[in-house]
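The letters A, B and C name the chains in turn, as written, and every chain counts its residues from 1.
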Amino acid sequence: MRSTVSKMLRSQAKLLDFGRRQWTVSCLSRFLSQDSKLTLVEVDDETGITTLTMNRPPVNSCNLELLQDLKESIKQIECNKSRGLILTSSNDRVFSSGLDLNEMHKPNQERLVAFWRTLQEMWLSLYLCSVPTAAAINGHALAVGCVLSAACEYRVMLPGFNIGIHATKFGYVVPPFIVNSYLSVLPRFIVERALLQGKLFTTEEALQVQLIDEVANSKNEAISKCADFITSFAGTNPEARALTKRQFRDQDVQLLIDDPEGQLHECLEYINSPFMQDNLDGYLAKLKSKNKK
Amino acid sequence: MRSTVSKMLRSQAKLLDFGRRQWTVSCLSRFLSQDSKLTLVEVDDETGITTLTMNRPPVNSCNLELLQDLKESIKQIECNKSRGLILTSSNDRVFSSGLDLNEMHKPNQERLVAFWRTLQEMWLSLYLCSVPTAAAINGHALAVGCVLSAACEYRVMLPGFNIGIHATKFGYVVPPFIVNSYLSVLPRFIVERALLQGKLFTTEEALQVQLIDEVANSKNEAISKCADFITSFAGTNPEARALTKRQFRDQDVQLLIDDPEGQLHECLEYINSPFMQDNLDGYLAKLKSKNKK
Amino acid sequence: MRSTVSKMLRSQAKLLDFGRRQWTVSCLSRFLSQDSKLTLVEVDDETGITTLTMNRPPVNSCNLELLQDLKESIKQIECNKSRGLILTSSNDRVFSSGLDLNEMHKPNQERLVAFWRTLQEMWLSLYLCSVPTAAAINGHALAVGCVLSAACEYRVMLPGFNIGIHATKFGYVVPPFIVNSYLSVLPRFIVERALLQGKLFTTEEALQVQLIDEVANSKNEAISKCADFITSFAGTNPEARALTKRQFRDQDVQLLIDDPEGQLHECLEYINSPFMQDNLDGYLAKLKSKNKK
């Protein structure tokens, strides 16, 4: 761990002591919108735990607007000092199909910049979220769907679905923050092979390699198991828990925090390359003809 | 691994070739005291293995003096070119309860500096100890008790006890060297969760995640199993073994070796913060009322 | 991961788009020799997979010439855009006995420089090879024999043999690239212990810790299982696969790519030290007397 970690810790310790008022004010001044249609935010009055539901039909593919909503909702849940956050889907077959490839195929450049910047920021919000996080994976979790799950601290999945990052299947090379996200959950040799093969794990395979922690037979049971995990922190000091998490995960996000625009620029360059655009052409055509049948 | 590792290796290779005399002299000139009361050092004449017993009643909580004794004893064992070091406790219920929180609560600043500096140095001595090390964990190993065990190369534990780092329970954020110590033994995702939950593993749970290597039914059996581990190095070249260990572990201690005073300063700042002092107030009051019942 | 990774990725993305012609030219202009006697290169016309067989009697100990042949063969296979590479041995008892210690014992300095430089370059070629790689380990894989296996993406081994890095047994401290190679396959705590003990795993032990992926009952079966692994990449984009592998492994080879001559220099200094030469004296004498019996 680098000295930046220590600096952060020290400055956060100061924050804890001197800055609580300001933090609260900044949170209150955040626009507390009603649920958008793309995400639903519900607090369980009994447990104090918040459920964040992705709700972009048909398959929760992440376009700019869903990413923005997710980012705002995560920040709001954190500011409200929720007991914890459970991420799930309103679709009972698909948790998330990943990024909306239309955002990347022959893109409008201005929108592409906003799209990828929001992806980076949303992922950071979830990965570094100060409250306990868990994913109730009630359907297929593909590509960014898997990345969102891996960014949480706990994963419960329903049987009969797939989870994984299949980027090599459509010619995409995932950026370092996505690799790190996988590495935070799985042993290195499994990550390398899964990334190279574009492996989609069945629920059973995912449990075996511990990509998920538990299997549940219904969405309700999955949410209840996630709540049990979140409740396991009852005896801990929330600030110390949050700082420990931040210190632990900080090394994985160094690049993205130190140089977000550099990371953004490199990803955009890759997305805009003829190599990647050709791959997307082919992949989207294949998907289209598959859907016609 | 960084080039400093290589530099160290090279300079150690030179040391091995040219400096053996000096090393021996420096070791002999070290004050070879009789056992203090806080630690016992015994050499098994048959095996050549040294047992280092923590002996600060009632529960081996680590105050400044115990840390100093441990550090000196480890250095002495290393200098005497013992076949190996087995760390254990004279108490048959508690291996170590961790740091003596009285050293950190409303502390005398001068003593606090000595206390934390000695903790850092003692831990380095054990973690980088050139002879094979093993822990015979014959009781609860809490917080620094667990850290000491994890710094050894092998762990044998008696059933019915707990081991773990429960710092988040009393509002403490462990410094990087303690995180690295845990990471040297356990997979990353287990470390993160255990640190955040302040998890104390039962002997059985510890065996399952391989925080310990074996379970023994008595202290004697634990020591005997530790001795077997140490004997497994019989066929190796001791200098090559020591250099390989040093090279392997060097990356984990970089921060502490490059900038011990900076690390010290940050830890003291955190300990002295009102946030941490309040947490200690509450935790010590709770312990006190618990002990009265 | 460092920014160099991103730079590499970006430059490789450019390479993919603009430089395909040049790459092909450079490959074609490489001297496509017939098999030397020290390695055999065979392409399976049906699968398009290439088998690379080490063939230096009696035990495939790696001298300068074998290392040169291996390096050239790996480059050739990569340039020919083979479907994959399977590494095996023509000897049915020994995959490889490791480095030829005669290259390191009382060495001719000029030859020693060439020997170690070729070792570094050959290992880089295999570790970063753009096509899928697998090892059919049909005999003992000792020291560099194990390192070669670990550099591949998949390992199938025949029963009744040993695999491991036993350098501490003859007083050698392995350089960082060999440590990283072990760490790319095994959990950290297993690597440390195995390196310190100079542990040779039986086939069964190797399977248990997942140093190997599968056991096969014959060389043919091993090669067939390796081919199955290579075929598992059929659905992926070869360029994206190659870039993902390169990005993933790049952090492990940073030292060797940034400063090959520095790494070389330090290894030579160590090999030439009286300490290491004395160890080799003793070890080679022991081997000699053992072989006489």
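Following the convention adopted for this analysis, contacts are C-beta pairs under 8 Å (C-beta built on N, C-alpha and C of every residue); 3 or more make two chains touch, one makes a residue touch a chain.
Everything numeric in this text was worked out from a predicted model, so none of it was measured.
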Interface sides of chain A and chain C: same vs different residues, half threshold: different
Turning angle required so that chain A lies on chain B, C-alpha fit (0 to 180°, nearest 5): 120
Whole-Å gap separating chain A and chain C, where each centre is the average of the chain's CA atoms: 37
Interface hub residues of chain B, defined as touching at least two other chains: 187
Chain C-facing residues of chain B, complex: 1-3, 5-6, 9-10, 13-14, 16-17, 132, 153, 183-187, 210, 232-233, 235-237, 239-241, 243-245, 247-249
Residue numbers on chain C that touch chain B, as the complex places them: 167-174, 176, 179-180, 187-189, 191-193, 195-198, 255, 259, 262-263, 266, 269-270, 273-275, 279
